[in-house]
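Heads up, there are several structures right after this.
First chain A sits with chain B, and in the next complex the same chain sits with chain C.
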Partner chain A sequence: MRGKYKQVLLLAVVVVVSASMLTSARPSGGSVSGKITYEGTPAKQKPIDMSKEPSCAKQYTTPPTTETVVTGPNNALENVVVYISAGAPDEAAPGKAAVFTQKGCRYLPHVLAFQVNQELNVMNDDQTSHNIHPLAKINREWNKSQPPGSPPIVDKYDKAEMIPVKCNIHPWMHGTFAVLKNSHYAISGEDGSFTLPNLPPGKYTVTAFHESYGDQSQEVTISGSESKTVSFTFKAKPY
Partner chain B sequence: MRKMNLAKCLTGIAVLLVAPLVLTAQQGESHIGKLTGNAGTGKQLYFRYCWGCHGFRGDGNGENWLPTGNYPNGPNLNIQPRNFVAATFKCRSTPTGTLPTDEDVYNSLGRGLTNSNMPSWITLTNQNRADLVAFIKTLSERWKTEKAGAEINVPAEPAPTVQSIQHGKELFTKLECWKCHGPEGRGDGPSASTLTDSNDQPIRPYNFAGGSRFKCGTTNHDLYKIFMTGLDGTPMPSFADVIKPEDAWDLVHYLRTLQVSRKSPELALWEGTKEGAEIVKAQKVRGTPTGSGVNQ
Partner chain C sequence: MGKLFGVILAIIALASAYPIVTHMYVQPVDISTHGHAIDEQLADTMAEAGLSFVLAQLLLAFCVWKFSNRKEGAKVYHLRGGARLMVAAAFILVGTEVLALGVLGQKAWAEVYFTAPKPDALQVQAQAGQFAFYFRYPGQDGKFGPLHPDKIDEGNQNYFGLDPANDLESRDDIVTAEMAIPVNREIHLLMHAKDVGHSFYVRELRIQQDFVPGLDLSLHFTATQTGHFEILCTQLCGLGHYNMKAYLNVLSQEDFDKWLKQKASEQ
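Up next is the complex of A and B:
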């Protein structure tokens, strides 16, 4: 009986030790997480009148609203791009394409983040023509028509930039391309939360960008595999 | 032997001294056919003729321009002068998002831009316009790091036929040109009143019924290039990925029939058909902004 207990104890010790060895063998992954909130009164989002585009209007029972400021409970601010603007090395683009879909005369997602030189695919799922017009200032500005059933528009950007995107045919359609230098980015969700995982130890500048409220930055230092909390509060404007 | 070495040495030094000069000279040049424009001469011309509108830095913020709604003494210019620092050009023979060729910019200077305050500079010599192109290219970093786009291929134009006009009409509907340009090409489509250019200034889609000249030329060839390359900086997108080259000529032929006050082989063909005659007659009765061509 006692021998058996010893064996179990030994096994447990081995398991614990090997488990801890496994964790330490992994690349040290610190992280930055937090919450994006607003203070004040954000502009009221208006229902979109899609009556001029019946093929889109009929997809909604209640008209969707504009998305210049999207908020959640407890003053949470959605659609904020959080990224490491300094301190992390530039990274090669991942092989996977970033996909931007036009559906129901809206952009899905409203804010699309991807890396410099990463392939971008623009899809049209609608029964109407759109024109995709990313208003780049640092990168090249182009403007392409995409009728229903067209193959995806494939492109990439070679410089980091926050690019407003619009469709001139449907003036309510607005979105953002966030072209970033590295893979450490996130977009705040409905509860305003975000997480930037797998950050090696170092000193970083964390930047949060919102299409209507601009950007804010904070310095953060990560040692070992610690998790730091960084939160941003944007001043909402009622107009 | 010693002399040879000395000669080689001197040549080497000479090359080293001259090389940077040659490089800068090339950066400050434009090439249009047999013309070679010089940026130095172009600079003098620019600060005599262009900077009042296009600005001291070439950023389109000359003192003659004020944004819409800011006119103390009535409107000055309605469309912001081209920003040569951003180097986004409407009239190109190159794909959307690329730099135009030297010849594209040269042609815009000679032609002027219709429905804007950019006049035709045909009064300047060809050489002077080439010089201006060379100087304009020094105003943006883009010309240092990028080459002009590859000119789009424009196949030979087939003769217009009733079939090609009818097919063009179908394309006009299918590609939803009418959303902005209106079902009769009068620039009054459902989205027309909402359009803004890339400077957030209101902009009107082209009214085919009201004019004979386009923003970037007058010929069928120019018209082909306008919708295939798009007018960068405006809501007009590129259709190069969407329209097959042979279909593109059909659209050109149809667009000509929308210019009811301008005589063209396409309009004559179209009026020769029952369908076309009715459409053109209805358009003419509505009248054209110039009142010309109305046969009452």
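Up next is the complex of A and C:
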């Protein structure tokens, strides 16, 4: 009998310990989520005429439009980088490379966020040459030519910066690199929503950056594993 | 051996003239009102330069034939007057040729550059920048809004640096990447470069004009045939020069109006 009790006790201990290990393995802490919206009339996004580059133009049935202000229903603002600009410690770069693709003479994604010292891979999926030119001011500025079929351009940035990106060959190509100090970032989706999960308790500055409308910040304090809602509204101008 | 060389020289000279005399390489179609004058000028130049070339080569071949293979100790002939005579002859010959081309060609040149466009000519602005052409039409008010280089924002398709927020004339300006013009109507092309030197070349229009940074240049021409043609940059302008082109659509007035309306709605 005693042996049986012992076994049950052991099993119970194993269950409790492994359960507690599982919960501790799941990142603790709270989260910040919210929605990015605009008020006013945003600039009209114009169709891009790629007739000079037929290999790109033929990839579209209707010409794609510019993406400097991308909006969704209910005044949602897309492509806003939301990140923790103060309060969180700097983090080492993840091993996975951030990938920026040139396809159909556009940049995919239009806004790419990655960390300081994280590997950046620039791909050319087009049948034409591109010359990517990130207009860095704090980091070292470079521009590199990439003929069709070239291997990826591999680089990294050692300082945090919002970098506008252009193509020196195709004037309409335009994107943004958001080089950030930690992994707490998100890019607002079609509905303008974002979530920054896994935030340990603490006081943070949440910053929202939009390539045309600049940035806004709000203070938020997380205690325990609470979920806070933070929303940002940008003023849109037609011109 | 020397005589054989003379014969080979004569054969090469005549063979190189053959494709030109027989018009083996066909000229692209001429779709402009002034193009015939350019073509005639090119033909005159080719005839004059070609004839001089063939005659000089045949003279060379004759001399090789006549004066080669001489026995040892034979007397050497010298042309009287020596080098001085040759230099004087070259000056007179080349001078006459260049002068003749200038005199004959001044009409073709003047027709393009020294006459003013008609007052009802359609104004189109062309901007060349690395590595694309962009065109601007004045819109309904018939006026081009002023340019502000600091407002240039290519990611936003503001290639010319317009400021529609403050300049009313800019609001209806139509900016396009393709150039369309109505057939049989004079076009007054206003040209400027955004960065470095470029060139506007449409071979079917017989037009090739450089863009010079800092200079506002203008051209006028009339297209006589509808069609789809290439506008090429023919001034080496950097890495993407090979790829710097745009298209010219010569449309009927009706199609042009439709096209312009469509483009205006996209602004």
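Just so we're on the same page, the second predicted complex is superposed on the first by the 212 of 239 C-alpha atoms of A that agree within 3 Å, B and C clash if a C-alpha of one lies under 4 Å from a C-alpha of the other, contacts with A are read in each partner's own complex, and residues count from 1 in each chain.
Assume contacts are C-beta pairs under 8 Å (C-beta built on N, C-alpha and C of every residue); 3 or more make two chains touch, one makes a residue touch a chain.
Treat the numbers as computed from the prediction; the structure is a model and nothing was measured.
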Joint occupancy of chain A by chain B and chain C, clash or fit: clash
Partner chain(s) touched by A:Ser145 [first = chain B, second = chain C, both, neither]: both
First, second, both or neither for A:Ile153, with chain B first and chain C second: first
Touched partner set for A:Lys137, first chain B, second chain C, both or neither: first
A:Lys52 touches, of chain B and chain C: first, second, both or neither? both
Partner chain(s) touched by A:Asn168 [first = chain B, second = chain C, both, neither]: both
Larger contact residue set on chain A - chain B or chain C: C
First (chain B), second (chain C), both or neither touched by A:Thr128: both
Segment of chain C intruding into chain B (one of 55-63, 181-189, 235-243 or 253-261): 235-243
Contact residues common to both interfaces of chain A (with chain B and with chain C): 52, 128-129, 131, 145, 168-171
Residue ranges of chain B touching chain A (in the complex, touch as defined): 86, 88, 95-98, 174-176, 179-180, 190-191, 194-196, 198, 230, 232-242
Residues of chain A defined as touching chain C within the complex: 43-44, 46-53, 66, 68, 128-129, 131, 145, 164, 166, 168-172, 174, 211-212, 237-239
Chain A-facing residues of chain C, complex: 129-133, 154-157, 159, 163-165, 176-178, 239-240, 243-247, 266-267
Chain B-touching residues of chain A, taken from the complex the two chains share: 52, 128-129, 131-133, 135, 137, 140-147, 150-151, 153, 168-171
